[in-house]
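After this come two complexes, each holding chain A, first together with chain B and then together with chain C.
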Partner chain A sequence: MGTESYSVIGTRQPLIDGLVKASGEAKFTEDLALPGMLIGKMLGSLYPHAKILNVDHSKALTLRGVKAVVSGVDISGKKYGDFASRRDQNGLTLKARYIGDPIAAVAALDEETALEALDLIRVDYEELPVVFDPEHAMEEGAPLIHEEYQRNIVAYRRFDFGDVEAAFRDSDYVREGRFSSQAISHGVIEPRAALAQYDLSGKLTIWTSTQSPYWIRRDLSLILNIPESKIRVIKPYVGSGFGGKGSLYSYQVAASLLAMKTRKPIKICLSREEEISTTCLRAPMIVYVKTGVKKNGTILAQYVRCLADGGAYASSSVLMMYNSGLTCLIPYRIPNFKYDGYMVYTNKPISGPMRGHGANQPRFAIESQLDMIAEDLNIDPAELRLKNATQAGDTSISGLVFNSCELSKAIKETTKHAEWDKKRGQTGSNRGIGLACGGFVSGARLGGHTASGCYVQVNEDGGVTVTTGSSDIGQGSRTIVAQVAAEELGLSPSDITVLSGDSETTPIDPGTFSSRVTFYSGNATLIAAREVKAQLSQIAAKIMKANANDIVFQDKKVFVRGRVDSYISFAELAKKTEGMGSGRLIIGKGQWAPTNTQFPDRETQYGNVSGAYSFAAQIAEVEVDPETGQVKVLKITIGDDCGTVINLSGAEGQAEGSAAMGIGHALMENIIFGNNGQIMNPSFLDFRIPTARDVNDISVLEVGSPDPTGPYGAKEVGEGLLIATVPAIVNAIYDAVGVRITELPATPEKILEALEKKKKEKYL
Partner chain B sequence: MMRLPKMDYIAPNTAEEVCSLLNKYGQEAKVLAGGTDLLVASKLGINKLGLIISLGKILDLKGIYEENGYFKIGAMTSLYEVRYNPFILNHYPALAEAAAAVGTMQLQHMGTLGGNLCLNTRCIYYNQSNRWRKSHAICFKMGGYVCHVVPKGKKCYAVFSGDIAPALIALDAQVKLIRTGGERVVPVCELYTGDGREPIALQTGEILAEIRVPLPIGRQYSIYLKYRQRGAIDFPLTGVAARAVINSYGICNDFKLVLTAVDSAPREVFEARELLKGKTLSAEIISQVSQRAMEGAHPVANTSGSTPAYRRKMARMLTLRALTSIAQSLSLVGV
Partner chain C sequence: MKRKLELKVNDEPWEIEVEPHKTLLEVIREDLGFKGAKEGCGLGACGACTVLIDGRPVLSCLTLAVEVENRSITTIEGLAKGSQPDPIQLAFVDHFAIQCGFCTPGMIMSAKGLLIKNQTPSREEIKEALSGNLCRCTGYKKIIDAVESLVRNKKTYLQDDPQK
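Take a look at the complex of A and B:
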C-alpha cells in the first residue's frame, strides 16, 4: 500500500449531497409533515430536584385543539440509557433531577395551542434537597440523585499499569497540577426534532435527527415495551451532532407515546433553549495530573485523576470515564500510568458525549503540564514531545497497539511550517506560539453491537446503489462510501447512489460515534464492492475470453489488463450481465469489524479497544492584548495523521471545524449555571460560539501513512484533532504573556487578572 | 425555531395614524421599526402584544439631509445606511463606528437608528423564555418586587446596551418626538429615564421621528469603542463614546464622554468634561479622565459575558484608547 495510485481515494470530492444541502432542498426532520399531523411540546420541571406527586392535565385537555397529554404515569416499559449497566432514564420522569427535566408532553393541532396547553398543566412537586457541586455530591450525606448510586458516583474507572509510585521516586522531576474544563453545548446547527407515526399493524415509525437509528430503536423498544422489529427509525438529513445526537431523548419518547395514544402523526421540534438545556453538554471536569520525568524530559510516570460533573443522568458516563483514562496513553509513551476517573450525578442538565468524548479535558491538563515541565527543565516543548512521542509498532503499557503512527512527523512538519523556532519566546511582542498533540480511537470496541454492514448493487444502466448502515450527520460519510465503491468499480462518486440511515432497510449499524464510520463502514463497503467486482470480473472474463484476475475496472471502462483499447463500458457490462444465461443480479455484501482488537480485561482494563489510532500535532499562534487580556488566534497549523486520506476536502473540513470548535472551547464557550442549577445562557446570543470574525488562518498538513487495518489505510479524523487545539491555544497564551490559564475558558478577565497579579509580584 | 405569538399587525402610511393608534390601544400596542429587538422579545413571551404597528411604510421617517445647522436622520434609517453614509463617516465617525458595531451586517440592514435608541434594557434573568422565568420569583422588570441580580435592590438594574445612544449623546444630538397634535425636540440623553424597568422616556402615543446632530463647528473628533467577547453579534459589555472639539493650539474647547452597557441608561461622565476643558490631551489628563470613566461605571452582574469588575476596567481602558486615538489624530494634523 502507499505506492498504489488511486483514481478517487485521496482526491478532493464535493459531498454527493452537497448541492441539495446548499440549495436548501434537503429535508431535515423539521421540514417533514404527514397528513393529520399534530404538534407536540414538552413540559419541563421548574425545580432542580423534586418528586412529581401529580400531573393534572384535565384543564389542558379542555383547551380547544388539544388532543392528548402524556406524563410519567403513561410509561410502561423499562428505563433506558446508553449503557445497559447505567439505564436511569424514564423519558417522562416521576422525579425531576434538574430544571427542565421533562415531565409531560402535549399534542395539539398547532404549536400555539400546544404551548398554551403547557401552561394549563398543573404539576404538584415535593421539593428535595439539592446538590450542584460535584465535589459536594461525592461527600457522605449528600442528597442522592439516584438512590442506587452511593455518594452519587455513577461511574468510576481505574487503571494502574506499571509501578507509578516507584517511578515517581525514580524521577528527576515531578510536577503536579489541577486543571478544570467548563460545560459546553454542542452547538448543533439543527435543533433536534422527531416525527412519529403509529399504524394499525402496531408499527411505530419515527423520523428523527439522530446519529444512530440503532440506539434509538433499541432504547425506544425498552421504554415503550414493544419489540425492536416493530419500530422503524429513519434518519433524514441531519444538521450535525458532535456526539450529542446518539442517545435517545425524552422528546423522542414523548412523540412516540403521543402517536400511540392519538393514532396521529406527532412532530416535536426542540427550541434552542430546550436543545441546550434538556439534551446533553460536554462534561465539566476537574483534572489532577502528576507527571514524573527524567532530566532529559523522558516521561517515567503519570497519575491522572478526573472528576466529572455528570449532571442528572448517566448518559455515556462509563465510556466517557474510560476514555478519559485511555486517551491519556495514545500520543506519548508512558511506562507507568495510573488513573482514577469519577463521574458524579448533580442536579444539573446531563453531561454526555461530545466530540473527543472525555479525552479533551485530561488532554488540556496534560499538554499544559508538559509545557510547564519543559520550561522548568529548559527543554523546547517540541523536543520534549518528540522525545516521548508514540511510534508505529508501539504497544502502550495498557495494551493499545499502534500499527501506524506519524506523530513525530506531525510535530516536525507543523513546527517547520509555523516557524516554531523563530516565533517562540519572542519577548515584548505579545504574540505567542503553542504546541499540543492528540490522538484518538478509530471506533472503540467495548462490547455491544459494533460491526458495520453494506450492500452494493449494480443497476441495469451501470449505476450503483450502496446501502449502508452508516449515518451521515454532515461529516460526509455518504461521500466516503461512494468514493470507496467508485474506486473499486472504476466509477465516479456521482455514479453511486447511497441509501443510509433507515433501520428497516439498511444494514444494522450502531451509528456515528467514536470516530468509527470511515474505518468500519469504509471497510464494509470495500468488501461489498470487491465482491461485486469479482462477480463482474467473471462475466467480463467470459465475454472477453480472459482470466477474471486480469479484468481491470477504470474510468467507467472494463478491459483486460494491458488492452485498454478493446474495452467495454461499465454500463454495457451491467446490461450484458442482466441477460447472461438465466439472468443474474449483481449484489455484493460486506460486513466488517476489526479483528485486531482485544477486549479490555475486566480487572486490569488491559486491552486494545480500537483497530487503529489517529495522531495529531497542532500549533496555535495568538496575540494577547496585555491591557485587556483579549486573545486573538492568528493561526492554527494542524499536522494530521489520519492514515490515508479518503476525501481531502472532507479531512480538511474536519480539521478546520476542529480548530473553530477548539477556539470556542479555549476562549469563549461557557455554559453558566445559576444558583439553582439552571442554565443562564440557553441561547446562541449568550452561549457564545466563535463567529467567522473569530476564526482566522488555518493550515492543514496531512502527514499520515497508510494504516494496515483501515480502508485503503484510513483512520479517524473527526475527534483527535479537536482535543489538541485547546491546549495549543492555552500554551500559546503562556508563550505570549507568561500567564498560565488552568481553568477554561481562558477569558480576558482571567488573563488580565493573572497579568495584574504577575505585575504585583514583580514589584513585591 | 421559536414562533411569534398571535398578534394583530398594521402598517399605516402616516405618523399621525400611528400616534392615534397608540393613543387608542395604549400598552397593548407597540411600534415596530426593524424588529430585531422587539420580535425576539415577543418570541420569548416577554411582552404580550395585542397590536404591532409597523413604521415601515412611513416615508417621512426615512432620509438623511442637512437643514438649519443640523444633520437630520430619519428614525427609520437603517444602521447599515448610517454606517456607510459619507457625511457621517466624515464628520461623525463615532456614529458610523457605533452603527458598524451593532450585531451583524444582517442586523444592521434590519435594525434602524431610532430602534437602536429605543432599545429595551436587558438582563440575564429577563431576556429568557416564559418557562425559564417560572423557576424564579417575578422580578421588577416583569412587574414584580424583587431583583435577582442585586438581591437587596429596590429597583430594576437591567442594563441599557445600545451602541448608538452614547455616540449621539457625545455628539450633542437631539431627537424629535411626535404625538397627535404636537412634537417636542429633546437632547438624546433625555430619552432615558435611568429606570431599568421603563428605560425609554417616550410618553404614551409618542414616537421617535428624527435624530438631529449639530453640524460640527471647528475641529471635532469623535470615536466609539466597544468591548464584546466575539468579533460580531454581541451586545456591548462596555462601550465608550467620546467627542472632543480642539482648537488650533491643541486646547480642548469642548469634550463629552459617554458610557454604555454599564447602567440602566447611557451614562455621561461629567467630571471628564470639567477635567479636559481648556487643556491639551496630555497623557496625564487622559489617564485621569480614564480613571473617572471607571469610577462612573456601575455595572452589575446581569450579563452572560463578563464580570462587573472587568467591565469597569474596560471603561477605563476603552476611554484611554479613545482619547489616545484622538490625541494621535491631532499629532497627525500637526496640532
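Take a look at the complex of A and C:
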C-alpha cells in the first residue's frame, strides 16, 4: 500500500498543540505554582572526590524563611539508576564524585533565601585521590570511584563475529586510526525543573520535565521507599530532551524529599549552570578503528575499540556501550567484526544518553576512515559506500534483520541532488563536499516493559480522545498519534484530543528514547483505533443495512463503500451509537511491541534488537577560510530512509534540527574541563550552540519505502539523522583544504594548525 | 526595599510594589503572571525571555523592571487581538516552526520586533534578527521560512498590525 492511499499519513500536518505553544499558553514545569509552594535549591560538592563526613545545617535553619534542609542521610531507600545492574546513585550523595555533585538541598520561602541558606550549610569533607582521564582511570591502581568496579570499568561490551584476524590477513589494504569526540551538553533550552507535593495519605505527586514519567516513578520509588502506585509523575510541556531528560536526577530527588519533609509543595528550577554541570553530557569517547578492504573497496573486516569517559555515575552506560558496537553494523555489510567497548568512571560530571546514544562517536571515526581508505585506493567515497551498503533483506553478522533499507537510494539521490561529481575535489577553491552514512534502531528491545499502550474513546459529539503512554517532549508525538487515529477514523488530527505523560492516567510506557515512539506508540494507536472502527462499523452497518466490512470512514463521513452520497457524518454516527449500541461506550485499546526482536545474547551479543532500522546518507558542503580556519557550512543534503513518512513537516523538522545539532557537534560545541574536572564553560555564552546564522541551506530528501513492521511502514527519524552529519562535515573540510581533523570539534585553531603542518611538510 | 512601580504591559496599566533589583522577566512572570517569557539562561544568551519595549525586542532577563516604567511592554500574551492570533503566531504554526515550544515565545517576539522595524527583511536580515534566540529543535530553517512568509504577504500582515 503506497502513501497515496492515505488522507492524513504522509501529509504536512501542523502540531495539534502548535497554537498553544505559539501563544505562550503552553505551561512548562517552571511555569507551574501551587498554593504555599516553597523554592528549593541544591548544594554541590566543592571537591571532585570526597567523603561527606558531616553536613551541619543548623545555622541555615535559623535563617528567616528557611523551612527545611535535606542531605544524603535523609535517603533511606536503595540506589537508583537507568539499568538494574548499574544502580549507583543516591540523589544526594554521601560520597562526592565530581565538583557540583549534589550533597544537600534547602527549601525556603523564596529563591534568594534558599541561596543564602546554602552558604550557611557547613560540609566536612575528607578528600580522596582523583582521576579525570579515562585512560588513566582504567589503569591498575587508579583511585576507585565506585568501590565495586575494578579499574573503574562500569561497562564493557564485546562483539566478536566471524574471524577478524584472518580477514585482516586476507585484506588487500588495512587502515588503522584513532579518533576522539568531545563532551557536549544537550543544550535543551528549557532547564530541568520539578514541582513536588506530598500528602498525608503518603502520596507523592511530581510535575517534572522528563522524557519518561515511568522511569522517574520507578527510580523515585526505589530511592524513597514509596510504592510506585503511590507516586504520580506528570509531564507538563517539556522543552526538549535529546536523551538527557530520561533519567532521574538529583533535583527531582531533592524536591521530593523536601516535599515529604515539609508537607509543602517544593519547586526546584535548575539554573543553566546546574543544567549543564549536574545533569548529563554526551560521553567523550576515544575510538580506535581498523578496517580491512579488498582493492575494489569491499570491506572484509573491522575492529572498533571505544573508550568512553563515563563521568561520576553509570547512567545508561551498558546500553550506550552496546549501541556503540551494534550501530557499527547497520549501514554497511561487514562480514567479520570485532568490538571492545569500555566505559569508565572518572571524577567528572555524568555522561549519559544523547541523540544517537553511543552511535555518533564510532560513526564519526568509521566514516572518516572510509574516506581515507577511498582516497588511498583511488575510489570515489560514494562508490565505496555503495559497494558496501546494507540492502533490504540482509541480516548483519550480529543478527540485526533489515527488512527495509533504502541506503543505496539515499546515497544516489543525495549525490545527484548535491552535484557530488561536479563539486568534489575542486582544489584551490577552499570549498569542499563530504559524504557520510548512518543508521539507527527504531526502539531497542528492553529488559522490562518494552511495549507501548493506547486507549481510544469516541465522545458523544464525535470528538475522539486518545490516551497514549508516549511522552511528547517537543518531537511531536501527540500529533503523530492524532494522525494515526484520524487516518483510521476518517477524521482530521484537530478532531483528536491527546492525553499523555501522566503515570497515573496514561498507559505504562518506557518513555521517549531509543527512537521508539512513533514505531511503538504509532502501532499501539493503530490497534486501538482499528478496534474503535470495528465497533463503529457494526453500528453503521446496522443503520445502513450493509455489511460491517463495507463501511468506509473518510472526510468525517461514514458510508457504504461506493455509496458516498448516502453518508452520515462521523458525529452523527457517534450520537446514534448511544441508542444503537445498547448504550455501550465506544472504546478501543491497543498495546504493541515488535515480535521480531530478541534481547541480545548475554555472551555473544547476537540478536535482532529492533523491529526496524533507519538509514541515511548526508552530504555537507563547506567553505574553509585558510586565513582564519573558520568553517562555514553552506549546505547539508539529507537522504532519509525513515520508511513511510507519517508527518512530512515533522520528519523534515527532525532532519533540519539534526543538521543544526551536527554543525554544533562538528565545529563549535565543546565542554571544557578544568584541572579538577570542573566544567569551565557552563553557560550559553561560553558553550556555544548554533544560532540561525550558523545554519544555511538544508535539503531533505525522503527516500524510504514502507517497512513491514512499522505503523503504515514508518521507522525512526529522530536520532539516526544526526549521526551522519558530523563525519559529512569533517570529510567536506578535508575535500576543501586537505586537512583531516580526527579530534572533534574541528575548531579554527585545529584547522589552522593542520594547515600550517601541511605547509611545512610540503616544503620539507 | 520595595518601591511602587507603574508598568504598561499589553496595553494594560499595572501598579505594583517591587524591589528595585528585580528583573523585568521576574516581574512579568512572578508578579504579573505572564508565563510566556521564559528563563533559559538568565544571562541574555538564549533569547527565551524576549519581550517588546516600545516595539523593540529586549532581553527581559537583563532589564530591570524599574528601568522600563511607563514604557509600552508587550509580551507574547499581548500579541493576539482578542481571540485572533497574530499572523506571526499563525505562520509559526503553519510552517512547523515550532517543536518543543520553549524558545517559541521569545523567537516570535524577536520576529515581531524585526517586522515592526523592517517590513521587507531579506533572509539574511531575518537570520541576523533571530540570531540572539537559541533553538535546539528546529535547525531554524522553518522558523526563517515562517517569518519570510509574512514578508511575502506583507500587505495582509501590515493591515493587521496596529504598531506598524
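Note that in this section the second predicted complex is superposed on the first by the 759 of 764 C-alpha atoms of A that agree within 3 Å, B and C clash if a C-alpha of one lies under 4 Å from a C-alpha of the other, contacts with A are read in each partner's own complex, and residues count from 1 in each chain.
Basically, contacts are C-beta pairs under 8 Å (C-beta built on N, C-alpha and C of every residue); 3 or more make two chains touch, one makes a residue touch a chain.
All figures in this text were calculated on a predicted structure; none of them were measured in a lab.
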| item | value |
| --- | --- |
| Contacts of A:Leu752 with chain B and chain C, given as first, second, both or neither | first |
| Touching partner for A:Leu685 - first (chain B), second (chain C), both, neither | both |
| More chain A residues in contact [chain B versus chain C] | C |
| Partner chain(s) touched by A:Gly44 [first = chain B, second = chain C, both, neither] | first |
| Chain B versus chain C as contact partner of A:Ile99, first or second or both or neither | first |
| First, second, both or neither for A:Glu627, with chain B first and chain C second | first |
| First, second, both or neither for A:Ser271, with chain B first and chain C second | both |
| First, second, both or neither for A:Leu15, with chain B first and chain C second | second |
| Partner chain in contact with A:Asn676 - chain B first, chain C second, else both or neither | first |
| Contacts of A:Ala659 with chain B and chain C, given as first, second, both or neither | second |
| Doubly contacted residues of chain A, that is, touched by chain B and again by chain C | 30, 191, 269, 271-272, 685, 690-693 |
| Residues of chain B defined as touching chain A within the complex | 1-3, 5-6, 104, 124, 128-129, 131-132, 134-135, 227, 229-235, 304-307, 309-310, 313-314, 317 |
| Complex interface listing, chain A residues touching chain B | 30, 44, 46-47, 99, 111-112, 118, 191, 269, 271-273, 627-628, 668, 672, 676, 678, 680-682, 685-688, 690-694, 747-749, 752 |
| In the complex with chain C, residue positions of chain A that touch it | 12, 14-15, 17-28, 30-31, 186-191, 237-240, 242, 269, 271-272, 473-476, 649-650, 652-653, 655-661, 683-685, 689-693, 695, 698 |
| Sites on chain C touched by chain A in the complex | 29, 34-43, 45-46, 48, 75-77, 79-80, 85, 89-90, 92-96, 98-105, 108, 126-128, 130-144 |
